[in-house]
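Several structures are given next for inspection.
Two complexes follow with chain A in common, the first pairing it with chain B and the second with chain C.
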Partner chain A sequence: MKTKINEFPGISLSEKDFDQGKILFNFDELRGDFAWDTGIAIGQYLASLREGVILGARCSSCRKTVVPPRVVCEWCFRPMAEFVPLEDTGTVNTFSLCYVTWDVQRIKEPEIPAVIEIDGASPLHGIMHLLGEVDPKKIFIGMRVKAVWKPSRQRKGAITDIRYFAPLAEGGVK
Partner chain B sequence: MGMRKVAVIGAGMTKFVRRAQETAKELTWEATHMALQSCELTLDDIEAVCLGTAPDSFDGIHMNGEYLSDGAGAWDKPYMRSYVGGGTGVFVPIQGWYHIASGLFDVVLVVAEEKMSSYYPHGQAAFLTIFDHTTERPLKPNLLWIFAMEMNRYMTTYGISKEDIARVSVLHKRNAANHPAALLGDSEITVEDVLNSEVLAWPVQRLDVSPVSDGAVALVLAAEHVAKRLTDKPVWIEGVGWHLDTAHWTNRDLAYPRYVEYAARMAYDMAGIKEPRKEINIAEPYDPFDYKALHHLEGLQLAERGQAPQLYIDGTAEKDGDMPVCPSGGLLGVGNPIAAAGLMKIAELFWQLRGEAGARQVPGQPRRGLAQAWGDLMQVGTVVIMGR
Partner chain C sequence: MTLLERDHNAPTAWFGNLPVTNRYTYGLGGERFFRAVKEEGRILGTHCPTCDWTYVPGTAFCERCLGELNEWVDVGATGEVYTYTLLFENYDGTRRETPEIVAFIQIADGGIIHRLGEVDPEEVDIGMLVEAVFKPKAKRTGAITDILHFRPL
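== the complex of A and B ==
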């Protein structure tokens, strides 16, 4: 292989550019504080997470159960008023072993994001979460997993009330 | 439907680089200027301007469309910026197309620009806010996650190996070695190089990914009666399509891009194409990651589901194959300044179909080509079919 691809070709930012004033450097302390309303469907989803339940929504017209819940069915555009508790178990639809963080720091122990199809929801309907208590080499698509919840008094109605999903032992008992 | 024929009559592009020392406006002007010169028009001949550029957060400028407007030649003209994430580069010529097809304008400038290097240390962090603020962002996701997970699902569903996928990166980077504006062209790269590169988010490795880049591309579009007066070699926009899948991305099939299929079917219908595999001579599917080119070729109906790797194994995808794929070098080879990268594919078809692609020229006087891009939260497909 030619060396030029080993080293990402082109000019990168350097201290010199800053010293010589070739760069207008402006560090904004962006006051990006947002207060997002959780809304009707996600509000109930979060309230249910606090109780240790993953909530879905069912469209009686399309006979589809989606997760997280929402107020309108994308397929038929009818209201989706029926919110249904789902299992806190599921199947790994896909996963990654990620060695870089969101701000591109290298890490040794991978983060393990996964899409988990939640039991009780329609096929291929899942949520994104993390996997834990598992040897990265042993994860496979189709693996059965179960939510590992924070203790109930530490839950505050957030997706992080589930710490991660961990493999279900044989026979379905963790 | 009473739509007028629209041709591409001129194109220009800057080099795609890691960090351009020009400003975003200057890059935009360079490409626009080249496009006008290529068809010997001046800004006075232009009736409206369409601009494509991706998230404002790269430049740190709110309303980047307005900011770039002087570089794009938009002053004193009807002007509009479109943005559909990574799909923008192939959507903005569609916008230019309907400006003209509708009869509203005769000559329109289409410009796409991206300067990703200003956001440092790395542009990827600018993508954090595409995730849902309540249900996903608390997990500290990064953009690689969704690609890595989609790639894994695609590989596992169809039993495709990493080696099969690495061939895509190799072919595109080799093709790019002949592109004078390319950032990562390499005529000697091998499958082993890709398989031995750093693991970023398994199964995604360093050479599976296109680079963050700076660059701009511009096209001139004209109605039939104008195009025929200005050039002997107009390249017609024969079909366009775009389509959206659910933004609840964990609620859909990650192994198959249905939204690309629907966008392609819309474009094929418009172009009167019944058998795309026989009628498309050059394909420029969107390839920010190597597996995405395969994924998209299947969505475009140019390969059976799970069979796209075969095009790279049997040589169909090579420059002198039956259906060359990304003869430009694609995003993997030329670079990925997001909106500009999509429009680069349209410019490539323009040059290829006119026989002006130089060392990259596909043999056999290709008649028809297809370019496609994809974006938003992985659920928008945009397709343009061009012919001579």
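== the complex of A and C ==
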């Protein structure tokens, strides 16, 4: 087809067109309720969070401690021997400053998701969480942080039972 | 305790909800159709002169010859029950005492799927003539539910 198309039929819509009633539309909401089976290991992990403990699992043949815990070792495929309580302190492995919320709203103060290597787990093993009580400009990889827990009455067995991780010492330096 | 045993005090499931919403716009043909429902309480169709076929609801193009359709016609508010079904269950799965009657109402060469109302379920029949009952104008939003139901003529 050699003819150049200069004009496309149809109209693009803006949010204004909806607000001002220029366009008719149907709004619908899917019922996306779900229940995700925690399994043995994550169930135990969540139960421990409720008690204020970060739980890991240890493989005695690999001598590895992983967090969150799991029942099968990812390296040797043997059953994990034991669950072990870990420290609630750790080291920032990586982080990001996020200026949009999950539903794409712009925010002034960034959310700071980070991967935190948990003390007591094998090196480079950690969990993803948020950083708080910290100047975004002063965060660095290797910063020492500690979990800030919700009061025990408010904890319900969720990763959000930890509010965020805050710098451990002055400036978070070891 | 071995690791293969479940702690019965531990959470067994994580519950959540996916907030999925959507906004469906009716398109060029649908916009014109629902404007007429909302503002004039009329059901519009489109006539294809090539195929001599009248689409209800009105569409922007002919499905048979793919020609553009510009001939909008008021097809009236009456139609014929082409087929119907009695629903004894609500949307949430609970039982209903009196059934909801859903029918395909043939109008011109097309038709509308809608509820039947003001009728005894026993008396509904294929071929029955029915008319659309519109909501009062102030309550119409430009949706298929602007028609409350169809009732026997």
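The rule is short, and it goes like this: the second predicted complex is superposed on the first by the 140 of 174 C-alpha atoms of A that agree within 3 Å, B and C clash if a C-alpha of one lies under 4 Å from a C-alpha of the other, contacts with A are read in each partner's own complex, and residues count from 1 in each chain.
Please note the rule applied: a residue touches a chain if its C-beta (ideal position, glycine included) is under 8 Å from a C-beta of that chain, and two chains touch if they have at least 3 such contacts.
None of these values were measured; they are calculated from a predicted model.
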| said: Can you tell me whether chain B or chain C touches more residues on chain A? | reply: B
| task | Using the superposition on chain A described above, determine whether A:151 touches chain B (first), chain C (second), both, or neither. | result | neither
| request: Classify the contacts of A:81 with the two partner chains as first (chain B alone), second (chain C alone), both, or neither. | output: second
| request: Considering only touches as defined above, state whether A:18 meets chain B (first), chain C (second), both or neither. | output: second
| Just chain B (first), just chain C (second), both, or neither: which does A:94 touch? | first
| request: Look at A:36 in the shared chain and tell me whether it touches chain B only, chain C only, both, or neither; answer first, second, both or neither. | output: both
| field | Touched partner set for A:67, first chain B, second chain C, both or neither | value | first
| Which positions of chain A sit in both the chain B and the chain C interface? | 10, 13, 26, 28, 34, 36, 38, 42, 46, 103, 158
| message | Please output the residues of chain A touching chain C within their complex, sorted ascending. | response | 10, 13, 18, 23-30, 32-38, 40-44, 46-47, 57, 71, 79-83, 103, 157-158
| request: Quick one: which bits of chain B touch chain A in the complex? Just the residue numbers, please. | output: 17-19, 21, 60, 117, 120-122, 124-125, 128, 133-136, 138-142, 144-145, 148-150, 152-153, 156, 173, 183-184, 186, 188-190, 193, 199-204, 207, 211, 246, 248, 250-254
| said: Considering only the defined contacts, which chain C positions touch chain A in the complex? | reply: 3-7, 9-26, 28, 30-31, 34-35, 38, 142-143
| field | Residues of chain A touching chain B in the complex | value | 1-2, 4-5, 8-13, 22, 26, 28, 34, 36, 38, 42, 45-46, 66-68, 70, 74, 93-104, 110-111, 113-115, 124-130, 141, 158-160
